[in-house]
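In the two complexes that follow, chain A is the common piece, with chain B as its partner first and chain C second.
Up next is the complex of A and B:
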């Protein structure tokens, strides 16, 4: 195997590879941030909402989580143009990943909120806090502690899922890799390189998650 | 929005769509079977007395869990022939999905192993069971029972991941959905039907697994 040719090709294509990695970062970041905001709203609606709020939120989570991400990406891309929203591939992909992320965050938050005891809400009411206040000062900080490790896992999933945007033509890291391969036919080497880059990104996120998880760990969890 | 719904061109292809979802289920079943067997070995290795065996197991889990499944699929299908290992697309996809599953199943089984009370293992030693028999009659049954809910979630994930086989032209549901999409331009209908089929299947799997759990999991007293 000619490794010097491979290294030469990596150097020649370094700008494309860096650009692809940047797109991967950008689209993952958008999906994680926007998805988290939307997911928090859905998580609250599904846990504390009244029926007209809870049902649509539950339905949203079940529908999105029952659909493969690839189908979600393809559907968002094709359907958005069919109904007249002319989204670029990048926008459609980011939207699909955001919807996907929101359903996960919603479910994670629901799990965390439901593990908190009901008495805490009552205690908050007793000292005269509004629901906003109870959520902001009592529930959310505790839920964050339980939800954070799973949330980090979801972030890793988003980076992994961003590879699917290559199918609709977003030139992120994987599609860039495929374009380079179509010029030099170094299939194995360049897929391996892409794998290493993805691994490093995901591994780094995982380690940060572990670190934060350790910092937040409670010495004992007192059940009330 | 003036879009006129017309489901007829999609339902004309109904048998093809069903065959696609059948293939997806088959791919997921085969992959979870191989992945579980491999994952069980990795889980035991991660608890082995030998330090090297343990770090090998954790490296395996960490690498496969942090790689996008699409990269694994493409690497095996397009990259391996360069090393002289050409597999047809279905076999190559099954290998990819099984490897991916093995890392997740190893985590599931590792959690299951940790949940077996030490006292039961000691009880086995006290009545003179060999270490193989302790594993066979005490550790494994309890581990499988505890691992069942997580096993179910992984199976559903894998079933959804079979949609990626479309990228290497394995004729499963997503592959046919894309084909019908480009042939008939019934864009909304085809993606609606495809997602619904996936959702219904996932829901059906959940129901089957819940029934299994009810039979197998002991009531907590």
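Up next is the complex of A and C:
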């Protein structure tokens, strides 16, 4: 194997690779952050909402989680333009992953919230907190501990799912790698390189997750 | 003088089942009232109506002269809004059978949460008051412990501090010692007794007959959703009038 040729090609294509990595990183980050915010709203609605709130949220979780991500990506891209929203491939891809992430976060949060005892809500009510305060100070911090490991897994899934945006022409890391390979035919080397970069991103997410987990476990945390 | 708690013709249903069938009673300032009765007689439900953890369908509950939970608008009875309910709940302090401390917070944070987030008290003032009440229930040296690091009796004493620190007009105890190991019951009863002696207004739902007799100014005996008999403890325990109460006292241990 000619390693010097490979390294030359890496250097020559470094801008494209960096750009592809940046796109992968950006689209994953958007999906994880926006999906988490939306997912929290859906998780609350499905756990504590009255019927008109709970049913749409339940339906959303079941439908989106039951749909292959690739179908979701293609549907968002083509349906949005068909109904007059001219989203770029990046926007459509980010939206599809956000919707997907939200369905998972919603379900994860529901599971965590339902594991908490009903007495926690009653104790919060008894000291005069409204639901907003009960959720923020009592339920959410506890649910976060239960949900964090699964949430990290979901976040890593988002990075992996971002490769599917290559089919609608988003120049993320996988599509960029394929384009480079089509010029230099270094299949194995560049796919390996892409694999290493994906691994590093996922590894970083898991480390951040562990860091947050340790912070949550600290013996005494002053809340006031 | 306005009673601290006034219950008028209170009715409550769970679906078809009527669990409170017209309750009337009052608690004067500084009075300690024990509610006794068999399981399923409605005593816990009655207590939970006093701080709106349960809805009720007819009648009124007044705390400090203010009717809570419902208002009449255009002739229709309707539940008041969420913020109003929260404010009215804060007029009472509740101690639960299963403690219900917040497990992710220290003992002190459990006490100060309501002070800062509900009463809007500055942090240092809340800590000062929290420490004061933790000391009062004998838990100051454990202020930084999590609930999981405390015994049941210690948790319940923190829960009492959490409720009373909010400066409620009345303290409500829902079988506060029922979930405790026998050797832990005494410390919690002692805490409650000393608060009673300081003049705190209290309503206790309890199975501790001896304690009810010793500490109460008035005992209310409930039977099948109604108050079957009420009066001073000496009379109810020594000279029960209704056959139901006589039977109940025979089966209860002192």
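Quick note on the criterion: the second predicted complex is superposed on the first by the 213 of 224 C-alpha atoms of A that agree within 3 Å, B and C clash if a C-alpha of one lies under 4 Å from a C-alpha of the other, contacts with A are read in each partner's own complex, and residues count from 1 in each chain.
Convention: a residue touches a chain if its C-beta (ideal position, glycine included) is under 8 Å from a C-beta of that chain, and two chains touch if they have at least 3 such contacts.
As the structure is a computational prediction, the values presented were derived from the model and not from experiment.
In the superposition on chain A, contact of A:141 is made with chain C only, not with chain B. In the superposition on chain A, A:117 makes contact with chain C only, not with chain B. In the superposition on chain A, contact of A:131 is made with chain C only, not with chain B. Within the superposed three-chain model, A:62 lies in touch with chain B and out of touch with chain C [touch as defined at top]. When the two structures are aligned on the shared chain, A:25 is found in touch with neither chain B nor chain C. Of the two partner chains placed by superposition, only chain B is touched by A:195; chain C is not. Contact comparison for chain A: of chain B and chain C, B touches the greater number of residues. When the two structures are aligned on the shared chain, A:6 is found in touch with neither chain B nor chain C. Shared interface residues of chain A, touching chain B in one complex and chain C in the other, do not exist.
Residues 1, 62-63, 65-72, 74-75, 78-79, 81-84, 156, 159-164, 166-167, 174, 178, 181, 187-189, 191-192, 194-195, 198-199, 202-203, 206 of chain A are the ones that touch chain B when the two sit in their complex. Partner chain A is touched in their complex by these residues of chain B: 1, 3, 62-63, 65-72, 74-75, 78-83, 160-164, 166-167, 174, 177-178, 181, 187-188, 191, 194-195, 198-199, 202-203. Residues of chain A touching chain C in their complex: 117, 119-120, 122-123, 125-131, 133, 137-138, 141-142, 145, 219-224. Residues 51-53, 82-83, 86-87, 89-90, 92-94, 96, 98, 100-106, 109, 112-118, 123, 126-127, 144, 146, 159, 162-163, 166 of chain C touch chain A in their complex.
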